[in-house]
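Two complexes are shown next, each including chain A; its partner changes from chain B in the first to chain C in the second.
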Partner chain A sequence: MLFYSFFKSLVGKDVVVELKNDLSIHGTLHSVDQFLNIKLTDISVTDPDRYPHMLSVKNCFIRGSVVRYIQLPADECDTQLLQDTARKEASQNKKK
Partner chain B sequence: MAEEAEQPTVATVEEPFDLVRLSLDEKIYVKMRNDRELRGRLHAYDQHLNMILGDAEETVTTVEIDDETYEEIYKSTKRTIPMLFVRGDGVILISPPMRANVG
Partner chain C sequence: MASELEGYINHTVTVFTCEGRIIVGTMKGFDQTINLILEDSHERVYSTTGVEQVTLGLYIVRGDNVALVGEVDEEVDKKIDFTEIHVEPMGAVVH
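Presenting the complex of A and B:
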């Protein structure tokens, strides 16, 4: 749930989603679900020469499983909070 | 387990994930599928090995065959991303904090 909550806190921010087929999509994070499927609005493809068919697409839903990376706005990430939450989740998972 | 319940953050490695937990806020090396490697500071992870790396340097290694000599030419392309979420299903291995002699 760590990353789900984290991405929910990033809704409205600009991200770059890099897919496993090397397509990179820049857009505004609209929503996210528990599978880390994501909806982006106002998208643009970082390499439009290679993917001209994406030029007309303005919004998209990305299945979580095809994501390789998501580039995040560094100044919006509370790294201390992330680390504390990761430690908390690690100890919770141990108790199970 | 019982005697350690009061101090869950004690620095012992009982299971593989402890190694990852102890690497939080440290620079780690991640080997990824498709000949990709990452080096960066680990800020968060979960049980799928989804991760957030700070100041991540990605190295992509590609092989080209020389047309005449059929030599394999390895090319590595590097780039740095200030804050990067990495999806766990592409991860092959994680190596804990780098010391001066490696990486």
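Presenting the complex of A and C:
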């Protein structure tokens, strides 16, 4: 649930989502759910000449299972906090 | 969950499947695994020789096979000149 909470804290920020079919989409993070499905608004494809398939699409829903990478705004992320929290969660899971 | 798709109900959507096909239709329903019901759907087959539209009708797309669902702005969509588009088909999703 850590990354779900993490992505929820990034709602409203601009991200680039790279899919497992090599398509990269830039947009504003609108929402995320427990499967890390992502909804983006005001999207643009980073290579529109190669991918003109989304010319009439401004908002989209991406299935979490096809996401390869999400590029985040570096200044909006506290990586130290994320690492500490990830370790804390991992050690809690070990105890269970 | 997956209520994120609620706003697309009765809207024209474009669905990218994991095998790289593109299906455009009116979304009538969905469930938590992203199974989709599309009405009056057609497939857009992109190739370097142009775009071919193939009528499909009422379709259910299994959630496993869905990569992306895009909300289509119909006004913009009508203005697209598909005879000008010559691209390689969309690649398949490689897990």
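Observations
Assume the second predicted complex is superposed on the first by the 96 of 96 C-alpha atoms of A that agree within 3 Å, B and C clash if a C-alpha of one lies under 4 Å from a C-alpha of the other, contacts with A are read in each partner's own complex, and residues count from 1 in each chain.
Simple rule for what comes next: a contact is a pair of C-beta atoms (placed from the backbone, for glycine too) under 8 Å apart; a residue touches a chain by one contact, two chains touch by 3 or more.
Here the structure is a predicted model, which is why all the values come from computation and not from measurement.
Partners chain B and chain C fit side by side in the overlay (superposition on chain A).
Of the two partner chains placed around the shared chain by superposition, chain C is the only one that A:K39 touches, whereas chain B remains out of contact.
An angle of 120 degrees, to the nearest 10, separates chain B from chain C at the C-alpha centre of chain A in the overlay. Touch criterion met: A:R50 reaches chain C, while chain B stays clear of it.
In the superposition on chain A, contact is made by A:I70 with chain B only, not with chain C. Shared-chain residue A:T79: touches chain B; no touch with chain C. Of the two partner chains placed by the overlay, only chain C lies in contact with A:K58; chain B stays clear of it.
By the touch criterion defined above, A:K94 lies against chain B but remains apart from chain C after alignment on the C-alpha atoms of chain A.
Of the two partner chains placed around the shared chain by superposition, chain C is the only one that A:N21 touches, whereas chain B remains out of contact. With chain A fitted onto itself, chain B and chain C come no nearer than 6 Å, counting C-alpha atoms only. Shared contact residues of chain A with chain B and chain C: 20, 65.
Against chain A, the residues of chain C that register as touching in their complex are 1-2, 4-5, 8, 14, 16, 18, 20, 22, 34, 44, 46, 63, 66-74, 76-77, 80, 85, 87-88, 90-95.
Residues of chain A touching chain B in their complex: 2-3, 6, 20, 36, 64-65, 67-74, 77, 79, 82-83, 85-87, 89-91, 93-94. Those residues of chain B whose C-beta lies close enough to touch chain A in the complex are 8-9, 15, 17, 21, 24-25, 41, 43-47, 50, 52, 54, 81-87, 89-90.
Contact residues on chain A toward chain C in their complex (touch as defined above): 19-23, 31, 33-35, 37, 39, 43, 50-63, 65-66.
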